[in-house]
Each structure stands twice: as C-alpha cells, then as structure tokens.
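Presented below are the structures under discussion, each in the form of structure tokens.
Each of the next two complexes has chain A plus one more chain, namely chain B in the first and chain C in the second.
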Partner chain A sequence: MSERAKPILAATWVGFLLSIPFWLDNPYLLHVLIVTGIFIIAAMSLNLLLGYAGQLSLGHVAFFGIGAYASALVSLGFKVTLFPDWVLVVEAKPVWLAMLAGMLAAGASGWFIGRIAFKVRGAYFVIVSISFVEVVRLVAVNWVELTQGPMALNNIPPLEAWGFTFLRKPANYWLVLGVAIASYVLIRRLVYSRAGRAMVALAENEPLATSVGIDVTRYLVLAAVVSATMAGAAGALYAHYVRIVDPDVFLFIYTVTMVIMVITGGKGTLAGPVVGGLIFGLLPEGLRAAAIAPEAQWIVYGVLMVLVVYFLPQGIVPALTKGRG
Partner chain B sequence: MSPILRVENLLVRFGGLAAITDMSMEVREGEVLSLIGPNGAGKTTAFNAITGYLAAAKGDVIFLGKNLGGIKTSEIAALGLVRTFQKTSVFGGRSALDNVLIGLHLRARQTPLAILLGFPYVAREEKHLESEAEQVLRFVGLERRKDELASALPYGDQRLLEVAIALAAKPKLLMLDEPVSGMNPSETASFMAKLAEIRALGITVLLVEHDMKMVMGVSDRVVCLSQGRIIADGTPAQIQRDPEVIKAYLGERYRRAVG
Partner chain C sequence: MDQLLQHGLNALMLGGTYALLGIGLTLIFGIMKVVNFTHGELYAFGAYMMYALVMLLGVSFFVALPLAIALGVALGALLELVLLRRLRGADIDTTMLVMIGAWIALQNAEQLAWTGVAKSISTPFPAAPLVIGPVSVAWNRVFVLVVALILIGVTYLLINKTKLGRAMRATFQDRDTAALMGVRIGNIHTATFALGSGLAAAGGALLGPVFVAYPSMGDLAAAKAFAVVILGGLGSIPGATLGGFILALVEELGAGYVSSGYRDAMGFLLIIVILLFRPTGLFARKERVG
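For the complex of A and B:
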C-alpha cells in the first residue's frame, strides 16, 4: 500500500464506521457493536503492555473495573466511613468529570502496580496482576457501604455533554467510536516514538536496552499507566452505557477475552486488537444468528480460536501484511 | 594522558568464589586498551561489574571523576560509558534501522506527554533521528541492510550492528566484549580498520578479545588478567615477552621447558 493511499483508506474506514447507526436498524446489533467497541478499547490498552512492553497482565480487567466503579461512584455521589469519626462525603458530580476521575483512578492503580510489580518481571508480574484483580474484586463484593456489594450500583446516569444526553444507542455508539479512535491515535503516537521504541527494546532484549541508557522501570511504568488509564476509560464508558456496575466486571473471563482479542489479532501491531476484537467480539452473535445449537456455539468459538493460534501464531494482522511491507 | 576510567581494588564474588580479586587498572583518554586473559580469567565479569550489571563486593569504579558504585546501568550509559556483549545481542525482531534508533535513545529529548499530545517537535525530532541512524549504519557499512530484520542478518553483520547500536549512544568510552569472535579473517581485518575509525572519532576503547593478532595490532596497551588478578600491564610488545603472561596462557611446564 502506498503512503498516499493510507489516509484515504483510513478516512473511508472511519466514514463507514460512522455511518453504521444510520442504516443498521437493529438496536440489538448496535448494542453488540457498542460493547465490542468498549472491549476493543480495553484490548488496545492491553496490547500496549502485552504486545509492545512484553508484559502479560492477566489482571487487566482490574483497571477496567476500577474505571467503571470510580466513574459510577463519582457520578452518583457516595458517603463512606473511613474511620469511626471520619465520614467522607462526595456529592454527585457531572458525568464527564466522573469519567475523568475513573481514568485517573485506573491510571493511578496502574502506576502503583507498575512500581511494585516491575521489580520482578515475567511470570511474577503475571501472578501479581492476577492477585491484584482478585483483591479488587473482593473489595467490591465486601465494601458494601461504598460499592453496594453484590447488590450493584444502579441508576448510573448517562453522559451529558454540550447539552446533549448520551442515552440512546446511536449516541453511545459514536461516543465509543470516538474514544476508540482517540485511543488508537494515542497508542500510534507512542509506538512511533522514543518511548515506544524503549518499551519494545525492553521486551526484546533488556540487557542491551539498558546498555544504551533505557531506564527499565521508567518505561514499563509509563506503559502500565497509559494502558491502565485507557482501560479505565473503557470501564467508564461501560458504566455509563450499561448504567449498572456489579463485582462481576472483575471476572477473569473478561481479561481472557481481551487477551484472546490481542493474541489472535496480532500482539504488537496497531490493528491487531481491532481485528481480533471485531472477530471474537461479534463471533458469538454471528453463531447465534446462524442458529447453531447453544451448546455448540462456544465449542465453535473455542475451535476457531485454537485454529487461529495454531495456523497464525503471530496473529491475523501480521499474517495478512507479511510480504507486503 | 589522564585516565577516563579507573578501577581500584575491585572484588567480585559469586557466593564463595572470588571471580575478581583486587583488580586495579586505568584506561587513559583516547587510547585503545585491551584486556586479555585465558578463558575464565574474569574479563567479562570485570565488564559486568564496571557497567553495573553486577554488584562488586569491594572496590571503586571511577569514570570521568564520578564513582559508579550503586548507579544504574542506564545512568552509566548516560554518562558516556557503553558496552557491547560477548554473545551476539541485537533486537532481533526489529529492522537494522530500528535497532540503531533504539540506540539513539539518549540523544532524543521528547517527553511522554509531548508524544501523547502530538507536539510537532516530536515528529521533527523523529525525522532527525532517522537520518542520524542512517549515518551510523553507513559508518559501519550496513546502510543497504537498514530495512532487514536484525535476526535475519548474517552473523558478521549482526556483530557490526551491535557496534552501531553502541555507537549510536555516543559513548566516550566504548567497551567491546570479543567483537570479532566468530568472524572470519577478512571480516576481522575490516573490523580492525573500523576500530581505527572509531578511535579517530575521539572514542576511547576498552577491548576484550581472544584474537591475539587483532589485540597486538590495534592496542596501545594491553592488560592481562588471570584467575581474577591482573598479572601484567604494558605495550603489546612487552606483554608478548612477559613470563607471567606466557605462564598463564601456556602453563608452568612450558615456561620451564623454554627457560
């Protein structure tokens, strides 16, 4: 593909994606697209850590959930007793501010996990990340005063901005699309920069990377913070779209879904999580539409996933672009 | 000439084994100094201790007047001390150009925030870095291979790429750990010429090497390490005649037979 054709192709794609709500009159399918879009944002953020910085975060949904909970709580307002004689009261804030708070909370936890976990890398980081999400889930279940526990946070308000309420599905679809494009652009900028090269260098050959002056902790923590903030944004979008958040957002299966999207699409490529996310996000609906028996649907899903990983171990995107570079 | 690097009473232990005992040496500005010694003498250990990959049990490493004790490897590189590795070490999954761009890390000024916000100077700097990386590749003679994957390069070219990565970091003192091991004689000869060019750039070189023809051909001075101790220090001609060095390489019986 020539350099000139790229912006035209990108514009065509964006135009097509923008037009979907105008001709797709099936609200359920639009809902599936919105949720898939939210997951693609989370998968893109995971790709930064897994594909570029080379660190497998099996607790990635923690950042997603923290973003969802923090954003929901700030938009609803909450009252919590921190010490017997100290009650913290937060009044309900506008949703856009709450979403920023959600991203901030997720980013801060990414910084925290990065600082402690990247002293030990590889398998140890995987274990720390799994433990982290489990701890956060238990807090969400048991700190009933703050999170309502399993009763869930209900009636979360939708986003209001510029006098417009993102209540209906098309509006939410465009919102998610906008955030997804912004996330893609941010990751692209990062990847084609000194910081992105430093992350890749650390993943490929850490001793050599440090020998030319790359600070390991600094760049891994940067990757964790950007990645967690982005996952938090996805969580915040989710909270104000679905408008209910319960401790099940921390389920392991969501992390696994993100990992599947990144690995099948192609880790360490910009388009990988998008392609993998579209395929494995829409596949369950496709199978349902094809009227395959419910018991068989997940078997087909699993078999397809294994086939992709077996025949295209680098992922779909690298397999398609190979020999064209 | 003033010393650019001073190693004083260095002691490195692996558990109960002292890999380096009481090593003292200095590298003078502008020279090519070779560190030689039989296998297992502690040459690579000394490299690792000097550049912060290993913690020394005792002793000081002073580079440009600054004590390197407790300083991170990446910060040592920022001071101008860059090393290469004995085993071929490149960023295999990236192109040759990307490898050198990574080496240029310390030469860039862009901050994470400026990158994410897309400040125009970031793009300008990237363009500048790319042309600088091409220059470095041209210097080592790899400009035609810039788009090839590092892992797909022939062995000799990978070794040159390693040197290019290190040179990109703009070292004042370049420490090369067996740069020509595994090269054929003609590759070695052209590497020796390259070393002279590196030196002409004003870069001091500390070389660990087993190829004696190369050591004797390029060095101003040679230091010989044996069983963790420095046993000789002098010009190549002096070292070749030194009885301790002969003994270390060829054994006591040889010395008696010759003597």
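For the complex of A and C:
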C-alpha cells in the first residue's frame, strides 16, 4: 500500500464506523458494539504495557475498575469517615469532571503500582499485578460506606456536555468511538516517540537497553501511568454508560479478556487490540446465536487462546501483514 | 489468651493444606519455570473426584482419597504431555498464556460438568469436636492435617532420597548440565507436573469434604498457593511448608483481630509486602529478578 493511500483508507474506516448508528437499527447490536469499543480502549491501553513495554500485567482490570468507581463516586457524591473525627464529604460533581477524576485516580494508582511492581520482573511481576487487583476488589467489596459493597453503586448519571445528555445508544456509541480514536492516536504518537522506542528497546533486551543509558524504571512507570489512565477512561465510560458499578468489574476474567484480545490481534501492533477486540467482542454474540451455553463459550475462549499461542504466536495482524508484503 | 490459642490451632489445621498446595506449585515453578495457573483447577478436580467417588459411586472415604489423588496425578501428566511438552524452551510469558487458557477451559468444563451448585461430601468423622482444654477442633480437620503432613513428608523424601528426586534437583539447578549428564528432561518435567498436580488434587480432596466443592473454588486456592510460594522462596519445600503455616496464621489473626472480610486479602498483601522488602522470599537466597 502506498503512503498516500493510508490516510484515505483511515478516513474511509472512520467514516464507516461513524455511519453505523444511522443504518444499524438493532439497539442490542449497537449495545454490543459500545461495550466492545470500551473493551478495545482497555485492550489498547494494556497493549502499551504488554506489547510495547513487554510486561505481562494481569492486574489491568484494576485500573479499569478504579476509573469506573472513582468516576461514579465523584458524579454521585459521597461521604466517608476516614478517621473517627474526620469525615470527607464530596458533593456530586458534573460527570465530565468525574470522568477526569476517574482517569486521574487510575493514573495515580498506575504510578503507585508501577513504582513498586517494576522492582520485579517476569513471573513475580505477574503475581504482584494479580495480587494488587484482588486487594482492590476486596476493598470494593468490604468498604461498604464508600462503595456500597456488593449492593453496587446505582443510578450513576450519564455524561452531560454542551447541554447534551449521552443517554441514548447512538450518542454513547459516538462518544466511545471518539475516545477510542483519540486513544489510538495517542498510543501511535507515544510509540513513535523517543519514549516509545525506549520502551520497545527495553522489552526486547533490558540489559542492553540499560547499558545504552535508558532509565528502565522511568519508562516503565511512564508506560504504566499512560496505560492506567487510558484504562481508567474506559472504566469511566463504562460506568456512565451502564450506570451501575459493582465489585464484579474487578473480576480476573475481564483482565483475561483484554489479554486475549491483545494476544490474538497481535501484541505490539497498533491495530492488534482493535482486531482482537472486535473478534472477542463479537464472538460471544455469535456463540450465543448458535445457542451455546456461557460456560461452553468460555471453554472456546480458553481453547482459542491456547491455539493462538501455538499457531499464531505473534497474533493475527503481524501474520496478515507478513503474508501481504 | 484462649482466643489466641484457638486462632493458633485453626491456623495449624489450615496451614497443612496451604503448604501442600504451595509445595506443588513451587516444584513446578522451580523445576519447569512454568507459572501454573491450572493449579487451582487441579485442586477443584480433587474435590470433585471425592464427590464423584464418595457420593455418586459409594466408594469408602478412605479408598476414595488415594484414588482422587491418583486421578490428579494422571490429569497433571496428561496436561503436561498435551500442553507443555511442545512449549519447552518457550519464554515464560508464552507458557503463562497457555496455562491461563487451559485454566479458563478447565474451570468452565468443571462448571458445565457439575453445574454451579455447590456439592457437599459426607465424611465418616464424628460431628462432635475434639476438645483440648480451652480450645476445640473438628475431627475432620485433624485428619486433614495428619494426611497433609504425611504427604509433605513423602514428597520431601521423594525429592531428597530417590533417584528421580535427584534428577529433579539437578534439573532445578542447571537444566542443560543435567541433560548432558543423561537426565531425560522431558520425563522430569512430566513427573514434576504430575507430582505437583497430585499435591494440588490432594489439597482439594482433603478440604472439599471440610467445606463444599464448587467450580471456582480453585481460584482462591491457587492465589494462596502463589502467596505461599512467594513467602517460602522458589523451589524450596521447607520454605513452602513454613510459608503455608505463616500464611494461615496471618489470615487467622487478620480475620480474628482486624476484619473477617479482609481474610483473603491478607495473602495478597503479604505477597506485595514480601516482594517489596524481601523479593527472594523469607528463606531462599536465590536472585529472582529476571
């Protein structure tokens, strides 16, 4: 493909995606697309850590959930007793501000976890990341005064901006699409920047990267912060779209879903999480249409994951581009 | 004081099974460099095999227990042959992804086979607890501890006193040199995975009758096994044994004196704290980063 054709192709794609709500009059399918889009944003953010920085983070859903909870709480307002004589009261804030707070909270926890977790690598990093999300989940279950525990946060308001309420599905679809495109562009810019090259270098050979003067921890923490903020944005979108958040957003299975999306599509490629996200976002609907039980659906996921690692270890996107060029 | 004694006794009862789970995981981790995400599923498998044998087929409890463990060993060997053998030499992330896939498939297969309804398994032990002075303990918990300690002892002897164990230790220390000395690495891997899986199944077969068997029971068990491995250090049986009892004690005290809702968070907090301040575990000296 010539370099001049690329922007035209990209514009055609975006135009096609923008047009979907005009001709797709099935609200359920649109809902599936919105949720898929939210997961694609989360998968893209995971790809930054997993694909480019080379760190298999299995706690990624923590940032998604923290973004969802923080955004929901700020938009609803909350009152919490931190110490017996110190009660923190936050009045309900506009939703756009709440979403920013959600991203900030997720980014801050990404910084914190990045600072401590990148002391270890490989299997130990994986175990620390899983432990982190479990602790956060148990806090969400048990800190009932703040999170309502298993009773969930209900009646979360939808986003309102410029006098417009993002209540209906087409509006939410365009919102998610906009955030997804912005995230894609951001990751693209970051990856092709000096910081992005440093991340790839240290993913490929950390001792070598260190020896040429790359500050490994600094770039890993940078990747973690950007990645967590983006996952937090996805979580905030999710909270104000489905308008209910409970501790189940921290379930490990969602992290696994993101990982499968990235691995299948192709880690360390820009289009990989989008392709993988579309496949695994829409596959459950196909399986449901074929009247397959949910357990069987997950069995298919698990088996597919094994098969992809065996037969397409680099993922779909690299396999396709290699075949073409 | 009595309360503290009771907590200590409870921790002792629980710690044996934690140690069992941790030893299985630490052997697989240490010798094969595989993060075994199916460990919890083998635990659940052990519990369900007890259910099938005792409740459905009417096999005696004491016959069913070794049978369930043997089936766990067989399933572990099968998993290694089918999934892991072709991945030898692959990097740790690749094997981890395969194990996650296998874990999801196994857990949902369990759910499909046994439904989500929890199954209880009856035991031949008297319902009245054993009372020792101010504290008391259920008879089936005593049995669990005794069997767990026997299995730990057998595993320790197997690793340290047999030819197979020597080959395993050699593989742990230096895989390439061991291979050059004539150790069949493939067979060692199968044996290690089967042994670790058998220990996990034993944990499930022992604790399934104490609690109930349900499809996702393995997740928490696996998480605790990971905590034990981190505590005890890589590939160390004494470390994992002690780690199991420490984790149980921390959980008991945390649940008793802090908040019972955070009982299961204790293990994870312990993992994070240990890795921050003593990343080699409490007992090992081996460098872990890398």
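In the analysis below, the second predicted complex is superposed on the first by the 302 of 325 C-alpha atoms of A that agree within 3 Å, B and C clash if a C-alpha of one lies under 4 Å from a C-alpha of the other, contacts with A are read in each partner's own complex, and residues count from 1 in each chain.
The criterion applied here is as follows: a contact is a pair of C-beta atoms (placed from the backbone, for glycine too) under 8 Å apart; a residue touches a chain by one contact, two chains touch by 3 or more.
On a predicted model such as this, the values are computed, not experimentally measured, just so you know.
Of the two partner chains, chain B is the only one that A:Ile214 touches; chain C does not reach it. Put simply, more of the residues of chain A are touched by C, taking chain B and chain C as the two choices.
In the superposed model, A:Ala92 lies in contact with neither chain B nor chain C.
In the superposed model, A:Val256 makes contact with chain C only, not with chain B.
Once chain A of one complex is fitted onto chain A of the other, the partner contacts of A:Ala289 are absent, as it touches neither chain B nor chain C. Using the contact criterion defined above for the overlaid structures, shared-chain residue A:Val226 touches chain B, although it does not reach chain C.
After overlaying the two complexes on the shared chain, residue contacts for A:Arg194 are found with chain B alone; chain C is out of touch.
After overlaying the two complexes on the shared chain, residue contacts for A:Asn205 are found with chain B alone; chain C is out of touch. Only residues 185-186, 189-190, 192-198, 200-201, 204-205, 207-216, 222, 226 of chain A touch chain B when the two sit together in their complex. Remark: chain B residues 51, 53, 72-75, 77-78, 82-85, 89-94, 98, 101-103, 105-106, 108, 110, 112, 115-116, 118, 122, 126, 129, 165-166, 168-169 touch chain A in the complex.
On the side of chain A, the complex with chain C involves touching residues 56, 116, 119-124, 126-128, 130-132, 134-135, 138-139, 141-142, 252-253, 256, 259, 263, 293, 295-296, 298-299, 301-306, 309-310, 313.
The touching residues of chain C, counted against chain A in their complex, run 29, 35, 83, 86, 92-94, 96-98, 100-109, 111-112, 219, 223, 226-227, 230, 259, 261-262, 264-265, 267-269, 271-272, 275-276, 279, 288-290.
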